[in-house]
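In order of appearance the chains are A, B, C and D, and numbering begins at 1 in each one.
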Amino acid sequence: MPLLAGIDCGTSFTKAVVLSTDHGQPRVLGKGRTCSGVKVDEAASAALKQALGEAGLDRHLLEYIAATGFGRYGVSFRDIQVTEITAAARGAHFVIPDTTAILDIGGQCTRAIGITDTGRVKIFKSNDKCAAGSGMFIQRAAKYLEVKLEDVGELSLSATHPQPISSVCAVLAESEIINHVSAGITVQDILRGIHESLADRAGALLKRVEMKSELTLIGGVARQAGIARALEDRLKIKVNIPKDCDFICALGAALLGLKRLTGKRSAAESVAREYAN
Amino acid sequence: MFSELFERTFDNCSALHFPSVREWKLADPGRKVIAYFPVYAPVELIHAAGMLPVGLSGAGDRLDIQHADARFGSFICSIVKTTLEMGLAGHLEPFDGFLFSTICDSARNLCFVMKRNFPQMYVDFLHLPHNPSSPAAAQFLAEEYRRILTELERLGGEVDDGALHRSIALYNGNRALIRELYQLRSRSPQQVPTSELYQLIRLGNFLPVEQHTALLEATLAEFQSRNTKPRDSIRIVVEGSFCEQPPLTLIRLVEDAGCYIVDDDFVIGQSWFESDVPTEGDPLLTLAKSYLDRSVYSSVRHDFRKPRWDGLVDKVRRNQAGAVLFLIAKFCEPAYFDYVPYKQELDRAGIPHLQLEFEEKSFTFDRLRTEIETFVESLVFD
Amino acid sequence: MRIAAGVDVGSTQTKAVIMSDNGGVKIAARALVDTGANVQRAAERAFDACCQEAGVHSGDVGFVVGTGYGRYKIAFGNVQMTEITCHAKGASFLCPGIRTVIDMGGQDSKAISVGPNGEVVDFVMNDKCAAGTGRFLENSAEVMGISLDEVGPLSLKAQHPVKIATVCTVFVESDILSYLAQGKTGEDILGGVHIAIAKRTLSLARRLTIEPEIAMTGGVARNVGMVRALEAVIGRKMLVSPDAQFIGAVGAALFALEKLDQSFESSIWRGEHAAPGGH
Amino acid sequence: MKTAMDEKKEYRGSIHQRQKDLMLAWYDQLDQAANSGNPPTVSMMISGNCVELLEGFGAVPLYPEVNALQLAIRHQSLDPILAAEDLGYAADNCAYVKADIGCILKGITPTGAKLPTPTLILCNFVGCNTYLKWFEHLAKLQQAPLYVIDVPFMRADEPSRSDIEYVVKQLQETVKKLEQLSGRKFDYDRFRQAVARSSRTEELWSQIKHLARRSPSPFDAYFDAITLMGPLYVYRARPEGVEFFEAALAELQAKADAHKGVYEQEHFRLVMEGPPPYPYFRAFRDMFAKWQACAVASTYSTVGGLWEFGFRHDPDHPFESVAMHMIAQNVTNRNFLQRYEQIRRYVEEWNADGVIIHFVKSCRLFSAGQGDMRDYFTKQLGIPTLYIESDLEDPRYFAEAQTKNRIDAFFEAMEYSKATASVRSYREGSA
């Protein structure tokens, strides 16, 4: 029974999962999560330690470690690294097998990924020109409008005259909000406007990755700020939110690791067989 | 090691103050140096006039833009700004003239902004025909070349047909070698790393053609003698960097991510003829005809007889490439536009592709690296 | 004696100043509040606080000029003027003889050529692209998990300031993160950030003719690191008034005083600045 | 004092309605062509258009730009732009092109009238490389024949003999092409007549432009001129065009003689450089109206042709004069320094107080280098110049508050210098 780990070194958090198989089926045994800080290696070990702890296992038992995320090359003890996009696709596919599109609303960059029925990345589009659709932007807006992030969703629902945000630069979009405020527009209408513009931009990205009638939403801020609802209303689609979706990338990395590992094994076995004869 | 030699030569040549150019001038101060903006420039005319043609290809990350931003504002590509900045910062002092051409709207306006800011220089604008199907085009271009040659003669003295023919022959030889290098790379990319070939070709921007040709020969031999073992990589064609040039690091990054670049349009101006220009007859007319019928396609050359998108699909097939990587300079409108028909034709032909944006001056690539690696991973993992 | 007020409703903070004129023109009181989501309230709060500190009745204030993005929301204001005009006026009052004003705020950065009477001769503001504004510093501070007040002093400790590729306020984050990953020190990174903004600001100011007498205004003027960095790239010392962040309000108050003044010069301004929502 | 609201801004004489009718009639012709295949239609660019040549076939011009701007003024440009971006066009591609492509994809037209697939897509290049891409892509999308007239750019002060011959030859090639495609014979006399009418229309238009030298100016040479431009490009070579501009001149002449200006009091006289932000056309105009600032000249109104400095089409040399118009007598094919010179002349001869440079991100032909232009006017000539950025088609690039703020500050400053000047003269007078 193979034992391996996937570690996702994100810009703010580092997440790890410990994975094994159960009658050939991958199973998560433990999860760990720490702040990334400056030293990637340390954060990775810490997260891994947590995950192993939860699984009640010892590190030396691990056969294979796959790293992903911004700091993937910083994990000195990795066996392989893959990008967070590849990992997200595999992870989401494992959790929600029939999903065809993934939307990742990250800190500064929103990303849409179209995947095949095997969980392979078919096509992806990042919106790195316009961070006005990013998580950081909503956080700032909430801060400026003096509302808690988790209230944003509810408030925006009670809007009567949504005020769209047209600017395609996060900073100028902030000025726009400020202008709205000084024009006396209600917080609700502004928040709803932000949500709608954000959904529209995401929609444009998703069109380019051939989204059908559903998508899987990952990325922490997005969930808190009630964006899922906005997406459903605006784009008329089903939005899946995998449980503990922060770990999707770590999981995806682990799954790819498993692929490599089992691949290597069978190769090794066949070689062994040759020598046997 | 060969590649180190490159980098030294490359760094030396492309240094902000153009040391190799100053050397050349120092050897005989009477001689003139004419800088040309990418992409298509009639270097033969400049060479025949006894001058050194130098390709301006921006300043990479070597220069902070301090003045040019104020002149060109937002939404304008970097090479336009760095070129003006080099001038305003005094780095273009060794040049006697600048030659621009009809490649894009920003570059054209740059020509006249340069004219205003450097009145003592010879600044000229070459109109390359956009209507090759017109029987009148060749004659027009020949006369356009004549006009420019007359200006050059005013700077450097009489030029006869013999001299023009000799220059044409020299550049024919140079380009033939470049074609051979490209073919070798396509046959066995492991022997010809693009990061090296790229520098080699770019050196043609700075070095006198005679020197460059010699260097090409030497390098070709060196490449042929290598027996590097192939890596597990995907064969790709790079498209879109015909004018502003990507940082070397980015090209390395593409290779490290597991790609063999088997064809590209880097520094396209150095290899803009698909076959030799005839060396008899009226040299200006043959050059003109060659531009119309013999020059390689690019996003800044318009010929509605043969669409560029066919050119790309063709290129992919010819090189048995598995994918296309669009490396597009930020705010390069011609490249942005062509991406659409290119994309449509590639999709139709079932050829996977990825579009990335760069700036000559960028030097952190985490975002791009993630996307390139994902692209490769999506092609290798089942 | 004449009492007038200027209220500058900025994007993040609202400033009010009361000025009096008996004998010489003096600042009688200042007040500063966060603008927040209710601009009108913010203006009132700042104004009232200011009256209180000056010990005057709002009724005693003869004329109020509003400026800043929220100026049209100042219900009690008599006239509105742009902060550009007010900055020039205020700067030449607080730093007599200055000819060039460099103002760095959260959303905008601008440079103004100022005439002998504090009038605007020419001005430029950051392009459609907000690169290099004060917000750039805030984001950097946030990414590095330190407070905005720390960034300036820290940046001065830089040994080998890093090179910052983008002055894009939004994407500087990835630059900083990769430097942190490379193990660069916070000081060196912040040093690089400050230099990057300074250069960007200089290239903005270059669109004007930069005169030797330069003043820096706006919230960022309180950041000593930014002031030094700018001085380094410009190659000149800059005047920074302790009232730097009140300069818009001061300018507005000065115009208000002129309104009360019946002399001929002031008639230049009479009724000229009314805009929708004005009187 | 007056505010923007109660200022009477637009020039609204009887010709305003006639302009509307003419443009609707044009769309009707296009609609008819879409249904019946007759008359033949030719897609062309506004800049240096050779509408006279089409008259020789009784063909109707189809101007994608006009459709695009109509859409923007009606606040309908964003959807088609997004549709084009879904196709892969970049955020930084010309939004005119995106809007036009988007309309074809979605079957949108400005008035609802059907638009035909053109008999010929004729790219009259005139300096804008984006035109080449635009028409190439249209030809690919609409499966329509494409022909490019390659117009040599103005690299010297005057076009060379070979420049003119080259264009004349291509015009004649175009004639052959159109004969094949339309099945109609080219009517040379009709062509000459058209050229003759054009020179008449141009004379009238030029006189109208010179009326703006009066103080107050009877019309706004930016905002109002745009209203008059439609007929100029579509009907210049037709009787309707001549009549229209005769009426326009008469009306404006009368207004000028009565010393009636655009505003009750003309406070500032401006030269405008760059296209307007069509998606915010009204809002933008109000920002100037608030200060009773009137444009007395504009470069944008010379995109289709530059006539106020004396050029006219010439019936005695029809092909040559059409070529001349395409090469040398429209702002887009003239080089950047010639544009500086054009603006400088406007400031002097139309006696303006300042220059407004409007950078539009879509159009690099117009905008690339306008910072240098500002440098020239402020530092070399000492002319008050305001530089603002937005876009001519894409509503996402117009920041209303910021733009308003810059414009207000600009006028606050100009006003002070004007006022102090008047104080000085008053003092000198009284002393």
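In the analysis below, contacts are C-beta pairs under 8 Å (C-beta built on N, C-alpha and C of every residue); 3 or more make two chains touch, one makes a residue touch a chain.
Everything quoted here is computed from the prediction, not taken from an experiment.
When chain pairs are compared by their number of contacting C-beta pairs, B-D comes first. Averaging C-alpha coordinates per chain and comparing to chain C, the farthest chain turns out to be B.
Computed from the mean C-alpha positions, the centre of chain B lies at a distance of 46 Å from the centre of chain C.
Note on chain placement: the centre of chain C and the centre of chain D lie 39 Å apart, centres being C-alpha means.
In this assembly, the C-alpha centroid of chain B lies 36 Å from the C-alpha centroid of chain D.
Residue positions of chain A touching 2 or more other chains, listed in rising order: 70, 128, 172, 175, 179, 182.
Touching two or more other chains at once are residues 69-70, 73-75, 366-367 of chain B.
Under the contact definition stated at the top, the residues of chain C that touch 2 or more other chains are 69, 127-129, 174, 177, 207.
For chain B in complex with chain D, the residues that touch the partner chain are 69-76, 80, 102-106, 108-113, 115-117, 124-127, 129-131, 133-137, 139-140, 143-144, 147, 300, 302, 304, 307, 331, 333-334, 336-341, 343-344.
If you check the complex, the residues on chain C that touch chain B are 127-129, 163, 165-166, 174-175, 177-178, 199-200, 202-204, 206-207.
Residue ranges of chain B in contact with chain C, taken from their complex: 61, 64-67, 69-70, 73-75, 361-364, 366-367.
The touching residues of chain A, counted against chain B in their complex, run 70, 82-86, 109, 118, 120-122, 124, 126, 128, 256, 259.
Every residue of chain C that touches chain A in the complex is listed here, in rising order: 9, 11, 35-40, 69-70, 72-73, 107, 128-130, 133, 135, 169-171, 173-174, 177, 180-181, 183.
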